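Structures incoming, each one as structure tokens.
Paired with chain B in one complex and with chain C in the other, chain A is shared by the two complexes that follow.
And now, the complex of A and B:
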């Protein structure tokens, strides 16, 4: 029976705690008697027969007819699937999306459906490389569909192939991929790693246009998204759900298949990362020391390659299919079963180690903007009810924050760093002053549509993702980061965690209370 | 008198070239520049005046000589031994302060000017620079500071012709006046972009390099090329601050100039080259790399103005050929045709500009002649050491 997540009160006997630092990590001692560590739950047990559960979900969906009953020989069937931003790290083959789509294709073949398109629902993310598509879908699907042009990636700038479905009572226009809109049935194959994902968000962002996304991917909405992991207190999700209602009323029939995975992210020799530090045995300590010392001597590029090469041994914990909102409620329950950790009260400081990866740099570089996005966007938002840190408190992250960018994946991020952040770090100001220019830049548009680049506007979205955390925190400190880059982000650099606490004392006094969000492991702190 | 002098010595030039790779101070110590007692130069003739040096700047072309990097092209255009120093504010025997326009033009050599009222730098035949004056007064030399007969600014005094002298008012400080010559060079380069941007709705000019000359070009662009948007690639923080103060619309790190120009032009970056780019680019560095960079960021059928003295460079000119880029040299100054068709003397524009921008802020440090090793080392590393212009002070 996996142990639930819990809060460790730090005392003098508590060993140093693991902090991610990009493609490396460190052990840090937290002040006794006023610090606590929020540990995630151990990975839940996975399903024994994933393929069987998928078949069962397709045949016994929630609030919809079984999939075979929806399949007709002369129909247009479109299967959309999550892109390379899920899962992180990528899962071992076969990927859950491959399992789902193979099962759907078996049923479609049995029903005589031959007009089938597969679309990667990447929204404004970068197009997946062929090897990523093969990893997610398997060679059989890729080789059967891709050469015939029936497997492709959504293009949010292809206005000939976008269509308006309708408008919400808030004036939000739902504009999505025309093939999806004109399909008789759309099946969505999802992998749900955190509570933010899934539900109506899959289609209304994954195959939507920039115009459609801008209704909720904006500073004001994100500042009022409290949190990204709590759909019912998230303005972003409220907007998405309004758009979902438009889709339900005026769009194609959607058959959603959602799956949840546990938190078993790191195989040997990195499995010590998932253990609690005081339970490390001699072998774990030796591996930690050897790994840390080797990584310290390893060039960034090689270290990155090692970490991005990890294939996680996740187990699937649930599969549900059918009517999107009904399915998603079940999904959320399973996600929370894995992630929720009850926590009492807020602290003055929140510390977090930033890993090598975020949803926007699979196979790429965690550039400074993504460090901000991961820290203030994702990790800060890992809460329900209240943030772990009090309003006006201090957020301390550990990451090298090197001034490096992947020019293929993140061309507009480079200019955003040089031009926009040099001007302002205020998300509202940058959205008014700069966003349009980046969104309409022909070069970025070209690279997004034909290469493997994130959309020109994407660095803005990454920045907006942290807008709530940025507004909430009285100060943000990055330990071990390139000072120039850290200052460009509007944060304060510190060389050690002790220095960071010293700097933080200006804001929170000399004996602040501290919460450490333990990563790896994924958790959502339910703060009461 | 005691003066700094350069003699023709292949060995010393070779040593300087090697030593400069190690340290500029070593090149100054071992190279062809020496502080020695020299014979007073004879007055070249009528119309020549003794000018007592007050301040004399150290220019990039001086440094390339001292460091042994100057092109052999100039072998026939200079006469050894000579006293360098062509950026000069000095004083006539009657106490009048004068700025030197150093080109040894037709009038100074007793030759007919190319047109009435020509400036020393005007003309389309440089024979007069390479041969001794028709009246036998002075030897070959493109400018004062490269001629064996006149002396130069790195000495207590030298000879200058009437046609080279600009008398200045008392309210112009020496520290400002010594910057007029480099400012004139920058303004000339700036005005060479004007034909390319004429009639363009939103003209974009990039400037690569923000040392003295780059800054002078920026000031010239903003004052004399109407409506131009200037994007600058600078290397050091103080250069960025000065470029901004002189009116540059956008100043970025030099390595990021290509992306900044791309953003301004709204074009693509294809490989290393912009699909379009700046209408004109001023190269204020003068190396293979800087010229290559300028060619990459200038739009097809645009113009690259070479202001930095390039000497020997290695370039792939395929892009220039394909894009029909115009490569335009920008040497010194003379009579300018302004964008509105009027003509002006560059030096007059430069004096006006020096007053307007308070050019003395570019003068970072001065040295006595006998500390020429320190001065040369400082000038050679000016950017890195947070400086712009280094000069000798003989007051």
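And now, the complex of A and C:
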């Protein structure tokens, strides 16, 4: 029986706690008697027969007819699937999406459906490389559909292949991929790693245009998204659900298949990362020391290669299919079963170790903007009710924050760092002053459409993702980061965690209370 | 004095001559007990059961020492042999992921098509290590266990178990049940023997029966290209390429009899065969419509059947061998 997450009050007997530092980690001692560490729950047990559960979900969907009843020989069937931003790190083969799509294709073949398109729901993310598509879908599907042009990736800038479905009562226009809009049935194959994913968000962002996304991917909406992991208190999700209603009323029939995975992210020998520190045995400690010492001497490029090569042994914990909102409610329950940790009250300081990966750098460099996005966007938002840190408190992250960018994946991030952040770090100001220029830049548009680059506007969205945390925190300190890069982000650099506490004392006094979000492991703190 | 020496020398020479003569005497001139006794007229000697063929006891081949030796053989000569003459591409192992993820992978029955003696070595090298360590191969008793040296070699190198290809006798099936209960996986060729003409043969019910009896799932496997390397009737192997496609594990359904389950296994291997030659979606559609090309080939006989086999092989791994790799001109 996996143990639930819990809050550890730090005292003198507490061992040093693991902090991620990008492609490395360190053990840090937290001040006794005023610190607490929030530990995630242990990974839940996975389903034994995943294929059987998928088949069962397709045959017994929620609030919809069984999939075989919806399949007709002369119909247009489109299967959309999440891109490489899920899961993190990438799932060990076979990916759940492959299993879902193969099960759907079996039924489609039995029904004699010929007109099938498979579309990667990228939104404004970069196009996946062939090896990533092969990883997500498996060689069988790739080899069968890609050469025939029946497997491709959504293009949010291909206006000949985008169509307007309708408009919400808030004036938000839903513009999506034409093939999806004109299909008789759309099946969405999803992997839900955190509560933010899934539901209407999958399809109304994954196959939408830039114009459509800009209604909810903006500073004002994201500042009022409290939090990203709490759909009912998120302005972003409210907007997405309004667009989903338009899709439901005027768009194609959508059959959603959602799956949840546990938090078993690290295979051996890195499995000690998920253990609680006082449970490390001699082997774990030896591996930690060997890994840490060698990583300190390893060039960044090689260290990144090692970490991005990790394939997680995630297990699927639930599969549900049918009408999107109904399915998503069940999904959320399963996600929260794994992630929720009850926490009492807020503290003055929130500390977090930033890992080597975020949803926007699979196989790539975690550049300074993504460090901000991961810290203030994702990890800060891992709460329900209220943030772990009080308003005006201090957020301390640990990450090397190199001034390094992947020019293939993140070309517009480079200019954003040099041009926009040099001018302002205020999301509202940059949105008004700079966003349009980047979004409409022909070169970025070309790289997004034909290469493997994120859309020109994407660094803005990554920045907006942290807008709520940025607004909430009185000060943000990055420990161990490149001082120039950290200052460019508008944050304060510190050499050590003790220095960071010293710097924070200007804002929170000499004896602040501290919460540490224990990563790896994913948790959502239910703060009461 | 000289005479004394001469007599002694004669005695020694005489003894030596006797020794040499007796050594040079052909064995047949020795009688019983050096040779079997003659049978008195009118007496019927009861026939002792043969210790070869289906009766060969392979227990010794599963001892730790023999297993270790087999491991070395698999990692050494067998590996080189397979790489050298068959160069296999192994696909579809992801379909076994649910079984591989379990702490202890349960015993399974691998049921591939069979075109060549290379198939067994190919399978041993292609099966994931967790099953390979405890894999026993069902081998034709009348071929692999008819002589002592063949039986010993088959048992040691392949962990082969003699099986009567015509009927799954009670003894064999009890032995397989015990082996599965003991955690061993089986490799069994449902066709019962190598293809005589390059096309497949109808599946016999052995794998389905054993699965129903033991509860172990059947993993359908399609081997493409081995027939062109060392098919029946070939005098020496002709190196080439092969493809081994693993399918999803099958279990007997509630109330399903062996015959129906066997048909399902055959259909699964047929579909994998189609997938190996075309692609996943084409094979899936054809299987759903019942139009998968039969493993047994076209109905007609004669030269047209062989002609079509050639066309069929061009599509598969065997065809790759003949395709010339394009070389760019050397422009200095």
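The rule is short, and it goes like this: the second predicted complex is superposed on the first by the 528 of 528 C-alpha atoms of A that agree within 3 Å, B and C clash if a C-alpha of one lies under 4 Å from a C-alpha of the other, contacts with A are read in each partner's own complex, and residues count from 1 in each chain.
Everything below uses one rule, namely that contacts are C-beta pairs under 8 Å (C-beta built on N, C-alpha and C of every residue); 3 or more make two chains touch, one makes a residue touch a chain.
The shown structure was predicted, so the numbers you read here are calculated from the model rather than taken from an experiment.
Once the two complexes are overlaid through chain A, chain B and chain C fit side by side, free of any clash as defined at the top of the document. Contacts of A:48 after superposition: chain C is touched, whereas chain B is not reached. Between chain B and chain C, an angle of 110 degrees opens at the CA centre of chain A in the superposed model, to the nearest 10.
In the superposition on chain A, A:106 makes contact with chain C only, while chain B stays out of contact range. In the superposed model, A:141 makes contact with chain C only, not with chain B.
Within the superposed three-chain model, A:63 lies out of touch with both chain B and chain C [touch as defined at top]. Comparing chain B with chain C, more residues of chain A are touched by C.
Put simply, chain B and chain C get as close as 23 Å, counting only Cα atoms, in the superposed view.
Contacts from chain B toward chain A in the complex involve residues 252, 256, 259-260, 262-263, 266-269, 275.
Within the complex formed with chain A, the chain C residues making contact are 91-92, 94-95, 97-98, 101, 248, 275, 279-282, 284-285, 287-289. Residues 411, 414-415, 418-419, 437, 441-443, 446 of chain A touch chain B in their complex. Residues 46, 48-51, 92-94, 98, 105-106, 109-110, 112, 114, 116, 138-141, 143-145, 313, 315 of chain A are the ones that touch chain C when the two sit in their complex.
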